[in-house]
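What follows is a group of structures, each given as structure tokens.
Two complexes come next, and they have one chain in common, subunit A, joined by subunit B in the first and subunit C in the second.
Moving on, here comes the complex of A and B:
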């Protein structure tokens, strides 16, 4: 090898980062938004009133499921919590294995058990799902793509640490207004100061999909299938076959109380009922994931008809528990409001790190191009994609919220159309830089995003009763805070637009009297 | 307790900064850091950072405590890096916060 170790690592870092940078940016930004999934969902269903979890929620939910899906082989019920004001259920459709696995879902009012009378929307669930399985493709494809991007990310992080020669000397160094130097500084500061988070989130993200990405060991050791593995690794009770003799389900409330007693006040978060209405039914109560870091849930499994305890699975064995910890750390549901704020901050740092990395690449290529005298197609492509991915995505996210407020409530496929609007706007952001080159495109997309976010609270006041003044008066902190957060997003994007617009590229001033193509915002070559 | 830990970690980072020529210059306008002062600041910085883990772990235990502590380190170092550019004197003044939050805890 002619070059030094560090040079080859630098090469690896820039290519591993660039190739998947745009997807990583989207994954980071929507993943960061997913920390607020319940809050986003709550804001997107303005019809819902504030509610507090009550002791009868489980009973009501099970009754509702008996009405809605008596023949389903499995029900999954997620009970409301401090942050989640609805009961979310999904179930496997009964009878015959028709198309695919046939899952259906519903969002219920915890008090009545009826489907909520709210507009149809995916809510924060969309950002959450998009960040690990994308959209408009099979779930498996999306997960594979994101997993591969995460592997590149891990490579980029490790090679980046090796490449960064002055990691301690430049620990706090940020020198604004110095062109390429500033982009590198910004990239480094966001990367180094939140490094524990970046490593954690990337590595644990891969661990979440390890059974999908690397199934061979398990498939070899458990040729009979995953159930034997799951039973052994996670201590879940082995599934019981259907007896095909009907038997009513025992009341669930005493079981919930039993669980709370055993978990010393711990709350039941989820209920899984297998073969409801059958003599071999089981009811599994799973502890709420907000109470422990580890996502290996403690659970109790009861016999359906009698309510007798069959299995008490506590913490898993060491290997399973390590995975549970990593899982839990990644999704961060254990975090209280303050810690969630820290996660959010680090997530944003990661987003900025990816964005500055992509921009830095383009800035460097521009400089080389300036020496050679012509700008290659690759550089143009990267610049174009940077604009659409980095400035376009926030605009598309705002558009998603606009669609939530503007699409007619009774519309067919309403929830799907909210998502279509998101992608239509994002798609337009990919077209827009064809007509408005370089800096203008950056400014316009950032400014449009700022305006879209800034006007959302106003739109909210026009079309719903849940406007900022009302929510503040009611003490509905979540909705009021969300509106204020939208204004903060607007301010941030506004500052970015303003900074880019005001920026005077040094090269343009010095060497080119009338630049034909506008330059990157960063283009201030020394 | 958490505020105290945040203040300790911020002060620790500030001390480490002041031991570096570039940041010393940002705050005091002179690039040269006397060798004695550099040693004291470095030791003080690392000491304060190490100390900042104590209140968090006392409050939340090891598991949750360490996670939150790492988050605190990030959340205190980032504003410092920005303040050093835009308001170096404020960055220095904020380093007295452990004293204030400490007194707050005692009262």
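Moving on, here comes the complex of A and C:
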């Protein structure tokens, strides 16, 4: 009975993992890259100068918006921080037709308020968006697909834990160079090492879109719509209607100082101005994400013309705070450099866990096929997809950065083409294994990825002024660190290519005893 | 040890030893479990979310958030049950029974709501 239970959990684990393994791998790897979203964006806009956030940023940004979008119903301003050296703004288009649907955005120089003169690029935003809504499909579809994959992941994790009776012993078990066993050990080490992280990131990922995928509670409890829910859950005040009487906006600097005083030195991260220029305008100051784990915005809302405080929303009720904590833990913006490094490593461990799981499946199938004497289509398909999804993605990510440096600066649809290049190269990685079987395809894609990353700093030196020597001399730690990080990626992929190239398949060395191979998934349970 | 409907990982090696009808029953059992786990599990999670949203003794928005956050644990538990039950029929019965219970509670809750 016990044994049957564990075996069925092993079955569930391997199928739940395999079916969505390739998407999960991409989600994990690009999601891990998204921890460095501001740094990637900064590197991808070499025209930007090194600048530090200053006290006048808010004032400059509001002035700029008054010039650019005086008739807009709402402005959203994200102020620069230690990690982000530009002011990002977006606003709803006005035009007197009430709630316009169109949004416009711009990236501003924090000192002057003019749009920055930089190449058109999505920057790190691309990896960030891709990891939860994919690309080339509606945002809604992408989010549903990723949420479903996350649910599979949760099931795979839970059944994996049940399968691994020896969970702590497995942690100290690594038998390298033993073929399938080494893959299994590698998979176990990556899974167990960062298990709390994997559970956390998967569950919190589901919670981020929970009202989309599980709307039944909120729809039944709030038949009148979600505005009432938002007001009760997060204390968000209902928007004030436009008075249609013009009134100038109060200076924003004193409000920022007031916020800093109330938050005991806390920094303003975002400014939301509703109905600017109207007598019923409001200015909402939202505390920076980097200062609290919980993502529930701590915010102050002021009357636009007078600057009088209308609302101070601080800590929410328990469940709202728990959700805020989950949200905050997932996006990890509260983390300082050290903790962010740990998040990055844990994300990589998750990526490796998914990858070794997919490879393990193929290795197991291959061994069963060897006994039967023929390799089925399913095994070939899994092997093929493994190569393209696992070895191909890093190469495609490098290609994205290459495109950023090589596409002409004035090109039409430049940002979109950077993304197209990413998918073209990734697509080629799916074709390549048709011509180069098995190990050769792995080695070549890993090696190509290593070369692409290794040459990026050199390319960077050729086509921009922001090369490693210049950035190091200037003290631009972010750009210098990014170039060094690219070299580290190259080294990692190079090692993988080398390891795969000199790997001797277990079947070629000695025929292993058959019963062990047949019972593979249950082995972990012993 | 070998029961029809129990998914066994090393199925390929065991297949040869099974009588002809057993293979079909095994596949049918897996399909039933998948339906019970994925479809039935979602239904149970959705019902539990609704019941808890309306029934938890806390502020309405708090109850909704708590219920919805917990729903994925309920779903995962239902899927594990669907594949852990001794046979496929028990798996289906367990999911259906839980769903029926939740529907009954929901009915009662709505009877008491103003």
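The rule is simple: the second predicted complex is superposed on the first by the 497 of 526 C-alpha atoms of A that agree within 3 Å, B and C clash if a C-alpha of one lies under 4 Å from a C-alpha of the other, contacts with A are read in each partner's own complex, and residues count from 1 in each chain.
We take it that a residue touches a chain if its C-beta (ideal position, glycine included) is under 8 Å from a C-beta of that chain, and two chains touch if they have at least 3 such contacts.
What you are looking at is a predicted structure, and each value in this text was computed from that prediction instead of being measured.
Room for both subunit B and subunit C is found when the two structures are superposed via subunit A, with no clash between them.
In the superposition on chain A, A:206 makes contact with subunit C only, while subunit B stays out of contact range. Of the two partner chains placed by the overlay, neither subunit B nor subunit C lies in contact with A:461.
Contacts of A:216 after superposition: subunit C is touched, whereas subunit B is not reached. Chain centres taken from Cα atoms put the angle at subunit A, between subunit B and subunit C, at 80 degrees to the nearest 10.
Of the two partner chains, neither subunit B nor subunit C is touched by A:106. Touch criterion met: A:9 reaches subunit C, while subunit B stays clear of it. Of the two partner chains placed by the overlay, neither subunit B nor subunit C lies in contact with A:253.
Contacts of A:349 after superposition: subunit B is touched, whereas subunit C is not reached. Between subunit B and subunit C, it is C that contacts the larger number of residues in subunit A.
When the two complexes are overlaid on their common chain A, residue A:478 makes contact with neither subunit B nor subunit C. After superposing the two complexes on chain A, the closest approach between C-alpha atoms of subunit B and subunit C comes to 20 Å. Touching of subunit A by both subunit B and subunit C, each in its own complex, is seen for no residue at all.
Within the complex formed with subunit B, the residues of subunit A that make contact are 169, 171-176, 189, 193-194, 196-197, 293, 329, 334, 338-339, 342-343, 345-346, 349. The touching residues of subunit C, counted against subunit A in their complex, run 1, 3, 6-10, 12-13, 45-47, 49-50, 52-54, 58-69, 71-73, 75-76, 79-80, 83-84, 86.
Of all residues in subunit B, only 2, 13, 16-17, 20, 22-23, 63-64, 67-68, 70-75, 77-78, 80-82, 84-85 touch subunit A in the complex they form.
Against subunit C, in their complex, subunit A makes its touches with residues 1, 3-5, 7-12, 14, 151, 154-155, 158-159, 162, 203, 206-207, 210-211, 214, 216-218, 220-222, 229, 232-233, 317-320, 322-323, 326, 368, 372, 518-522.
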